[in-house]
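Next up: some structures, all given as structure tokens.
Two complexes follow with chain A in common, the first pairing it with chain B and the second with chain C.
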Partner chain A sequence: MARMKFLCDSERCIECNGCVTACKNENETPWGIQRRRVVTLGDGLPGEKSVSVACMHCSDAPCMAVCPTDCFYRTDEGVVLHDKDQCIGCGYCFYACPFGAPQFPQEGNFGIRGKMDKCTFCAGGPEKDGSADEHQKYGGNRLAEGKLPLCAEMCSTKALLAGDADVISEIFRERALTRGKGGELWGWQQAYGKDGAPAPAPAKKEVQK
Partner chain B sequence: MLMQKNKTAATRRSRLTRDVSLSAPETIDRRTFLKRSGIGLGVGAVAGQLGGGMMRQAEAADPGKEGKVEIRRTVCTHCSVGCAIDAEVVNGVWVGQEPVFDSPINLGAHCAKGASVREHGHGEMRLKYPMKLVDGKYQKISWDQALNEIGEKLLAIRKQHGPDAVYWIGSSKHSNEQSYLMRKFVSFWGTNNCDHQARVCHATTVAGVANTWGYGAMTNSYNDMQNAKAIFFMGSNAAEAHPVAMMHVLHAKESGTKIIVADPRFTRTAAKADQYVRFRSGTDIPVIWGILYHVFKNGWEDKQYIADRVYGMEKVREEVAKWTPEVVKEACGVDGETLFKVAETMAKNRPSSIVWCMGQTQHSIGNAMVRAFCILQLALGNIGKSGGGANIFRGHDNVQGATDLGPNPDSLPGYYGIAAGAWKHWARVWGVDYEWIKSRYASEAMMTKPGITVSRWIDGVLEKNENIDQGPNLKAVVYWGMAPNSQSRGKEMIEAMKALDLLVVVDPYPSATAAMGAMARKDGVYLLPASTQFETVGSVTASNRSLQWREKVIEPLFESKPDHTIMYLLAQKFGFEKEFTKNIKVTNNEPSMEDTLREINKGSWTIGYTGQSPERLKLHMKNMHTFDVKTLRAKGGPCDGDYFGLPWPCYGTPEMKHPGSPNLYDTSRHVMDGGGNFRANFGVERDGVSLLAGDGSASKGADLQFGYPEFDHVLLKKLGWWDDLTDEEKKEAEGKNWKTDLSGGIQRVVMKVHGCHPFGNAKARAVVWNFPDAVPLHREALYSPRADMVEKYPTHDDKKAFWRLPTLFKSVQQKNKDIGKDFPLILTSGRLVEYEGGGEETRSNPWLAELQQEAFVEINPKAANDRGIRDGEDVWVKTPTGAQLKVKAQVTERVDATTCFMPFHFSGRWMGEDMLKYYPEGAHPIVRGEAVNTATTYGYDSVTMMQETKTTVCQVVKA
Partner chain C sequence: MRMLTAMLISAGLLAGCGEAVQTVGDYRGKTDAKPYEANYGGDKAKWESALRTRNQTQNEYKRVH
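Right, the complex of A and B next:
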């Protein structure tokens, strides 16, 4: 079974917000709810980089681990979804999520926190695929139609990739090879420090133990 | 309620930044900035209003409901790239938008604007029915009443003051057919007082480039940039203005193409470049001559190419010799080493390409700037080559087509001009009597005199009558699909609107014109709702000259009507609807767009708009997958051998099957293969020097392997080619030339039989002797903070009658020589990816509006700190016109300490005041902000009347 992932190639992302708007278009989320955002680092400075971020559909999803009502579930394709009927809008998942993916619409007269909303990888929710109910609660279900998330399909520079993890990592690997650089962006160095340090300090300590 | 929402957004953002980038410098990006600053009651109220619309739409979009899904193929209306879109329609409702991966132009890709077009199907903020300003408020009226009242008033003005008293502003957002009909319509009304966005967009390009080598258009294509080894952007921020073009550019970069960006501002495009050159706004020529200096010094110019194909390069060499690195640095602030590197990169990575946009065109010497850039490419031998070229990215989706065919004040469709011969040619095509058209005009002189430009219509109203070069002042203005906030001197525009007898807006949205009209006046303003391009059919020309046919996605929303229907109804009112649609079928007052394109085909021989029949275009739209992405050529299938969209020139009749021209002036291909050479349009000799191309420098396989003049019946006979024409063709071609022979016989024989180019084969001109500066010279902007540079590089002398108006240069510059003392900062403007043009349409789209909620000014930390301004604070941007704009300060290193930048898409606030109350109820843009052009200063290009908006001055103070 394919395992669905997003990957944003920061060498290509130009922060055009095509992905953000495509998401709006497909899922009709209301004003103030953006399941996907583009984050720019070093804005206006040499080395400026942008990356498009939404729910990363983690393999070991913290939101899933902390949810008090256990409303999350993972599909066979590795997509992390949730059941809005079960969600109590507590916001715990938001604190757990490293990417700030969960969103909460304001509801009612007092602006209370509504049911959590997040990227579904364009895979809808627990309701019947393509049903009106599903569409109203979660937006489109493109996976059921054999299509990929619209954000990636419409990306202006093909920076945002979505699909089977093996396939998109192969696409990215080929790009990094052609460029002769950039592979490090997703590797050890980016996560734990530059200058080719072979391994970060905490790991060493563990080895010594 | 919204406060909280925004707070959470900000919290999330900072978390992310911390997590992802430990070492990132402490900056605030534009999104965070705007999210934080976009807190306001207005936004909250709108969000509330949107609820209903979204719900209804969600119901319509219910995939479970009954009804067949129909796919309609259309093209994005937001920029000149030409991205294809598949619209999913159920029961007449636009329920889904799918990427067209088959499109060789965009491969399914979209920017924010393209990804948002389905929202047009919602149209909450559209102008819904005809309206009339009564006692300062807009009231709904019927179409009949609107057409009657507008018609009567216009006819009364025509009777009292003559046809030149009405100004018609057409649109670069009209389809080819609509903009063509618009020019015909205005001609039958009897004036040349018409114009459209191209005037304030690429007018300097079109004039400069056409005068250099023949046609005023992008020479290659977005796709062809994949073949470049170096790409040099100057005054173009493609990452925000043409994002999908960056797909091709970044793909090229990954294969080793070097990217250079020169811009006063470190743009998002610059962030992707290998080399970035920051220079002082308005000094493009010193930068380019500074580069060419190194090219010549190191002998990197293409000597054979220059000898064979370029006229006057030695004169350029003399001028460039003056621009030593020291002189260049003094003028533009860039050192010799940096420019040496640019020169070396462009020279050693050929074919190298250049890109420019409005950063280079919108200056009082824009015509010279673009020519300097062309000359750099000629020196390097890069024009007429795949991977090279001058890739001029146009702005609006059909600004190229509207320039080619539409309401231009100095030309009939196809750049025929407005001399008597041009009128007679088109009279023949239209099937109307030349004398009748003449009778519609005030006089024959007015018929052949270029009209007032859209950049100056306000002076056509306000200037003293004795100073203007036409009978009456302007009494009525019709804004037919253009934003007023894209023209400079907004403060004076309000005065002009007050002075008019009548102001008419025809637009899908009320546009800033409606609000400004209601602010300036109590009555005499009418609004007519036009349909968008998704509610009609027609062809659109992308920047690379490819034509695409749009299918109708949905029926016109609310009471709106297609622009050509409105034209027909007004023509009826004016009594010339029969002449107007002589060759065109009319159904329910709607002229057939197919018939209109056939009429265009019948007459536009000059630029090869003749081969693109509606049938051929529709075939291309259905068979996109057969076209190669890099070459744009179809391999096999029903379009075999054609280039996608039959990029003009596509000469001859459709039956001749010319494949279109992917790269202009390319001698490496046969003319029937899309090849060509530079145009012989300026005579055959100048001061004893031949202007024709050198021996051996002709398009592949041409019978004449040397320079030759353009073809007419005489030359054909001299060459003994006359008998290659059929008898039928001979009858028509007798006494005609390649531009006026309606049979297409001359083009057929010259091209198909003899492999030659109908427009001749000449040299490109480095020296354009008919322009004010034959060799491009640097001249300071009229408003420059550098008095020393004004002294050294003064502007032109004032002109008395220029496009019917007195036009000031030196007197304004001299008067403001020391303006830098009070206004020390340069004010420049540009685009944001989410919005387009004047921005009313896109700011009315909630999906886009949400992403950019505030107008702002970018100011460098040093300039801000010196003024006690902190990031996100309200500031006043003040200019010498006395206007002041209240916007948010965005403190950023993106601009240097002498420059401020404002996006130009905003309107709906006026010097601190919200104009909401001036819009028709429920039809206002969701996001409103100060228009930069409310405050821009005087200044116009010395050839085209392009406005100078990219270099003016301002002061910024804390609000």
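Right, the complex of A and C next:
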């Protein structure tokens, strides 16, 4: 098996935030923790694009490089995970991550930063697989059940793909070849007219008085 | 003497150009079990096969046609 990766197809993402909801539900993350979020560029303008972002499980992860307690590890499948018992909540990984993936719960009345929390690719953490401890600290472990991350599996438009990098890139390649690009995309001309110009408004019917 | 000083200075300056080896430290947390151990009885091939099937459910060109 190659490496597990996420791939978000910005042509398909409709900013429904279903992935965000699915993630929160599966992992029961506390208030304020967003392991996954949807980022929209050019919001409200024709041709706006949205992408669902979480930990990208980097092959050369900067969070791993900067961690002073070496609490990160990479599984054989390429999933970057961490041991919360080892984490001191320093926040270095947050500054190092280009995707803003590490999240820190605000604990106590004075907003003390808690231990880091991030997307686990629904692979749990270094506790007994499927145990209550694992679920409490890291959330669900779907990978051990032979399933893929819930965010991708329940994506309504299948914009978010997760799994073996070779397989999902092949799915995306086939999709991109079939649908074409730019004005060839289904629905583009109906919505925006040729070459991105607004479609002419339908002729108004005269109202009989 | 001047030669020696020049050599020492250039050696000192060149030392700044060197790149220290930077390696990620060894993981110091608890060990994690393999994902195919708990529910697949250690059968990696069976687990991979399940994931491959699951992967293809994301491909609607195969699912629909």
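Basically, the second predicted complex is superposed on the first by the 180 of 209 C-alpha atoms of A that agree within 3 Å, B and C clash if a C-alpha of one lies under 4 Å from a C-alpha of the other, contacts with A are read in each partner's own complex, and residues count from 1 in each chain.
FYI, contacts are C-beta pairs under 8 Å (C-beta built on N, C-alpha and C of every residue); 3 or more make two chains touch, one makes a residue touch a chain.
It should be emphasised that the depicted structure is a prediction, and the values quoted were computed from it without experimental measurement.
Looking at the shared chain after the overlay, A:Cys93 reaches neither chain B nor chain C. Of the two partner chains placed around the shared chain by superposition, neither chain B nor chain C is touched by A:Cys8.
Of the two partner chains, neither chain B nor chain C is touched by A:Val80.
After superposition on the shared chain, chain A has more residues touched by B, the comparison being chain B against chain C.
Using the contact criterion defined above for the overlaid structures, shared-chain residue A:Ala54 touches neither chain B nor chain C, since it reaches no partner. Of the two partner chains placed around the shared chain by superposition, neither chain B nor chain C is touched by A:Met116. Of the two partner chains, both chain B and chain C are touched by A:Gly130.
Contacts of A:Arg175 after superposition on the shared chain: both chain B and chain C are touched. Contact with chain C, but none with chain B, is seen for A:Leu161 once the two complexes are overlaid on the shared chain. With both structures placed on the common chain, the touch criterion links A:Met64 to chain C but leaves chain B unconnected.
Shared interface residues of chain A (contacting chain B in one complex, chain C in the other): 130, 147, 153, 158, 175, 178.
Chain contact summary for the complex, chain A toward chain C: residues 1, 64-65, 67, 69-73, 75-77, 81-83, 85-86, 123-130, 141, 143-148, 152-153, 158, 161-164, 167-168, 171, 174-175, 178. Residues 1-2, 4-5, 8, 12-13, 15-17, 19-21, 23-25, 27-31, 43, 46-47, 50-51, 54, 57-58, 61-65, 96-99, 101, 107-116, 118-119, 239-240, 243-244, 246-247, 250, 254-255, 266, 268-269, 271-272, 276, 833-834, 846-848, 850-851, 858, 892-894 of chain B are the ones that touch chain A when the two sit in their complex. Those residues of chain C that touch chain A in the shared complex are 22, 24-40, 47-48, 50-52, 54-61. By the touch rule above, chain A contacts chain B in their complex via residues 11-12, 14-22, 24-26, 28, 30-32, 34, 37-51, 53, 98-100, 104, 106, 111, 130-132, 135-136, 147, 150, 153-158, 175, 178-179, 194.
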